[in-house]
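Listed after this line are the structures, all set down as structure tokens.
Presented sequentially are two complexes of chain A, the first with chain B as partner and the second with chain C.
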Partner chain A sequence: MRLFNTMMGIACALGLGALAATALAADPVKVGSVLSLTGGASSLGDPELKTLEMMVEQTNKAGGLLGRPVALVHYDDGSEPGKANVLVKRLIEDDKVDMLIGGTTTGASMAMYPLIERAQIPFISLAGALVIVEPVKHWMFKAAHHDRMVGQRVMLDMKAKGYKTIAMLSDTSGFGQSARKEMQNVAQKVGITIAVDETFNPKDTDVTAQLAKIKNTPNVQALFVVTFGQGAVVVTKNVAQLGIDLPHYQTSGVATREYIRLSGPAAEGVRLPAPVLMVAAELPDSDPQKQLSIDYVEEYEARYKTDVSSFGAYARDAWFIWTNAVKQAKSFDKVKIREFIENTAGLPGTSGIINMTPQDHLGLDVSGLKIVTIKNGNFVIAN
Partner chain B sequence: MTQISQSPAPRAARSNTGRFIGLATLTTVVALLPLALPNAFYVDVAIRIAILAVNGIALNLLMGYTGQISLGHAGFFGLGAYGSAVLTAHFGWSPLWALLAAAAMTAVIAWGVARVILRLRGHYLAMATLGLGIIISIVLSNETAWTGGPDGMAVDSFSLFGVPLSGERRWYWVFGGLLIGTVILAQNLIDSPAGRALQALHGSETAASVAGIDVGRRKVGVFVLSATVAAVMGSLSAHYAGYINPGIAGFLQSVELVIIVVLGGMASIYGSIFGAVVMGLLPQLLAGYEGWDSVLFGLIMVVTMIVLPRGVVPSLTARLRSTRFGTKGNAPC
Partner chain C sequence: MLSELLQFILSGVTLGAMYTLSALGFSMIYNASGVINFAQGEFIMVGGMAASFLSATGVPLPMACVAGVMIAGLVGGLVERWAVAPARDAEVASVIIITIGVSMILRGLTEILLGKRPHALPHFSGEAPITVLGATILPQSLWVLVVGALIVLGLNLFFGRTRIGKGVLATAYDRLAAQLVGVDVRRVLTLSFVLSAGIGAVGGVLITPISTVAYDTGMMLGLKGFVAATLGGLGSGPGAVAGGLFLGLIEALTAGYISSAYKDAVPFVLVFIVLVLRPQGLLGTKPTDRI
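Take a look at the complex of A and B:
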């Protein structure tokens, strides 16, 4: 009986030990994310979350990272930057995440950053404005082209087409206003005059007043609309209603099929700079961005039965920037990972070939943005 | 108040004991709470609740006791926050002086505005304060050079006489202390002649003025007080969070404060604290039910207001009292 008890004891101890060991091995690496899943920016946040969930599953299927599984902890900031500030504290203090990806909007990313810097966790933002990486912030990186690049791309295309006087219509959101400022600077540099500079509220359901003013201003050669989401659709439809036949430019903020579907025939002929993702099939086979873009689009569309957008693709790129750094660092040490992210070199992503430096936490140039136009309800590379 | 023998005295004694018990309970909870909070995130939630509670109490003085609605109170909070942020960041002021200057500036603005808009009543007053709040938040998001625009701006940490105030635990004691201080001040104000004047003009402005109360002055006074408290809390919370954006002064924040007052109970100080606890905790508890959180939140609000129409604390106190004494009593707290 005594022997039996001893045996049982040993067995139990072994069992517990084994359990503890597996628990240690299976202790997942936590990626925290604050995204805008409801509210004004939800059309951006939704594909970002879907992509991150897909990436987690793919990584775990492939055996995890350095032998550890990966887990995603995410919260919705309701498109309110103030809420993002609270939620990121929760991710840092309560969930104890190892990495942060997210911040759908610029406001949210900037609201999160002071706490992230204090906690010293690498952070890749998915938002658009230049302020995220200029001046460089030690722990913050960026996956999406910023507004100045978008502006440069558009203005260069306008210049090549010979447009000298344009009208600009921007929304009053954080993105719209930050981009508007950048566009004004860029226009001055390339010698384009902004003859009309109108703004509108992204929640407006009608902007014909501003557009009528643009229509009635003489000598305007092109229209540049700086907005994203719902606002872009309203403007596009109003442009068609008023019969404005100026060349119509938008930003990469509308590089989604949803924009084309909602705008209908009104979107035909709109020109915009878009990540190559949207036109990957047209790229030459030798392009390193081609296959990975097509793979991402196919996996995403098969899994979610919905169209891909460039916002989800930013999340995909952020994920690969991180996993690439972890593999090189061969550890989950946050300081090391941050350094390896900062030195990401020649990593192809859907937005371009990523080459980061301590001075450049974005690592993309304008070549990753192609001017596309909408033809028969599809994005095609513009000539 | 030690010699109690006359007939009105028992009521005074009872309300005094009630006050003491309430205050002692609050102080105990504030003092012991940090022991139960496992990490900085929970401390952060507690701090945000304290901020909401102080703002709620200040607004309750205006709404619950005086009967004047304000749908733009977050605007004053924003003025305080941005006042501090701009003065420290662009002019290099010390945080304490910036806080005082921002509070004084807000008081002056509130005074100027109150003299005009407090002539209005009911829906018109609601509209005017609503407009005021919206104007403030528009100014904050458009003056990009000063405020950083919709992207917001970073705020330096608060330092007092060269000693920096940082870390959630330290801030917790600041906000906890402010909450207790606000409760004491509010209770004293309500029981003072000035406070009784406010409650009288809530009942009937005509009757109050017949009784010799300068209705206009009292209303302006409480409005300025309430706005200034909001501004001070705005300054401190800006330093605490380290980041502000125009959203903090937005319409939704004003509505949140109104919800705190109405849900917890009009003319109830502890009601405002309760409302703040609910508004601070519920979003965190519901954060896991993605997409459903707003629905659940709304549902809880609607059901509470149907079941407890006078607000949680007054309704429950009245119910408790009526079961204990068999009569319908009025909640004094």
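Take a look at the complex of A and C:
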């Protein structure tokens, strides 16, 4: 019995000691994240979470941030913006996070923002639409190129090639429809006529009817497909089936190796604006984006045994925008960090060189998107 | 102009064949149990996912396809035994809600076990399209059409010529009477789930090379199959075929001649009109009240 008591005593002492030790070493900086890990946007949210987890580990291995370890608290919104709002409340009130990264979709980011603004926590969204930074929202920043830039990049390339009349095929998802509107605006500005404007459901198994219509419209000089994921594969295969030999453009949404693998030879010759990440090896060594992109790709693929996508890369850039600001602020004061994020200057990321201002909470221009083409099953920079 | 029309028709028939396979599953389970099984789309997905997963691990294509269909059939049987049978005394509406729950579970399990990314299968006989009078069709679409037709014929023989098939029909007509003459009603129910899951999975496997498959592919196909089955008349085999083909053709022709923006709306409006004018569907039989 005495032995038992002694043992208990030792155990308790050890336990307390361990607790004290963790309390000393810990008190980590908390990064909160609401991502879409299930549901429609899960193929975007999944690489985002994987990247954030990898970044947390890297930062902690390098001694943490200003001497404090970093911890990630994340929730899954199931691709429903309404849920994101509830979850961010939990992050703010229960988890008491110091920083927010995430919002896989535009809907989720916008639904979360009112609560974030009230709590005054810096927030970097990973979603695509322009509305996130226009008009500028005090506490919200953006890591991804928006739809309009993708459109501009494509339309400028078309214009340079001399295509004036094009056909557009967009999907009926939120992304497809908001992007479609942006593309129509951009086309009007650069003087390109959209002669055929068709849509399809991203879950359709066949779009040859729409494509046959495009094929039989006279004077169309190029085809622009606005979609991502499975829909893009179906369209690409159908284009090959119908033998449509128009120049075929897609958006940066298909800048994944998966798209090439699933589409097979049908994807050859497709042109799209892609983040530098996909063609980093081709850049000159002097390019500041080259090494960091290659590092990210290698680490990610070695760790998760799966292809990188631009969505994960946005999470990587968001992480560096934040850590960079913390290092400059030399404190975890949220107001100071927000200011330093807003004044991020010349920070190279996978999506471009980031230069934010109080008027521009994105800090990227179209030069971060390269027009690439698919050749022998690989992305190469198009001339 | 003719080649354009032909292209729309070929596109519509391919879509329609797929909807037919989905609709047949709905009709079969409806016949056997009076339940509309909203997990039908997930059976299609499970077949495609299982086949592409096996094929990716190096199993030869024909074996992977057969195994995919068998796995889906097994899943169908288990769903009946574990989720539907325990609730056999519940109201039909409750069972329908159970099937919605099952569809969510199947989607979630696939997402966790096999991942969120879309998967593909190689085309069965090459990707070179066949040209017919200026229109093109993929050899894979011919596979969908031919196998779909064979399944319809096979089902016809099964229900018309075999003892078990007749047992299923008898159960559909009057469960108590069938039980009285010695039909094992429980078996019939399980069988109907296995069969409809298997038929759906055949469609899933055949369509995967064209459209790829992901954990959430089933929802849309299931919904379209339900529309096709209702359009043709729930519970009617020929109705499922007619409804499926009709739906596919209408979709393709709407996309081609009117606007693709209305492609998904027109079929639903049509269903509405058909059901108002002919509640039993195009080829369904009028329900008669016994006195």
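Assume the second predicted complex is superposed on the first by the 359 of 383 C-alpha atoms of A that agree within 3 Å, B and C clash if a C-alpha of one lies under 4 Å from a C-alpha of the other, contacts with A are read in each partner's own complex, and residues count from 1 in each chain.
FYI, contacts are C-beta pairs under 8 Å (C-beta built on N, C-alpha and C of every residue); 3 or more make two chains touch, one makes a residue touch a chain.
This is a predicted model, so every value here is computed, not measured.
Applying the stated contact rule after C-alpha superposition, one finds that A:Leu262 touches chain C and leaves chain B untouched.
By the touch criterion stated above, A:Thr38 is placed in contact with chain B and with chain C alike. When the two structures are aligned on the shared chain, A:Ser351 is found in touch with neither chain B nor chain C.
Contacts of A:Leu87 after superposition: chain B is touched, whereas chain C is not reached.
Contact with chain C, but none with chain B, is seen for A:Asp46 once the two complexes are overlaid on the shared chain. Within the superposed three-chain model, A:Leu115 lies in touch with chain B and out of touch with chain C [touch as defined at top].
Across the superposed pair, chain B and chain C both touch chain A at residues 38, 172.
Residues of chain C that touch chain A in their complex: 4, 7-8, 10-12, 14-15, 18, 108, 111, 116-118, 120, 127, 129, 135-136, 138, 207, 210-212, 214, 216-217, 219-221, 251-253, 255-256, 259-261, 263-264. Per the touch definition, chain B reaches chain A in the complex via residues 39-42, 44-45, 48, 141, 144, 149-152, 154, 241-243, 245, 247-248, 252, 283-284, 287, 290-291, 293-294. Contact residues on chain A toward chain B in their complex (touch as defined above): 37-38, 75-76, 80-83, 85-87, 89-90, 92-94, 106-107, 110-111, 113-115, 129, 131, 172-174, 177-178, 181.
Every residue of chain A that touches chain C in the complex is listed here, in rising order: 38-40, 42-43, 46, 172, 198-201, 203-210, 212-213, 216, 229-230, 233-234, 237, 240-243, 258, 261-262, 264-266.
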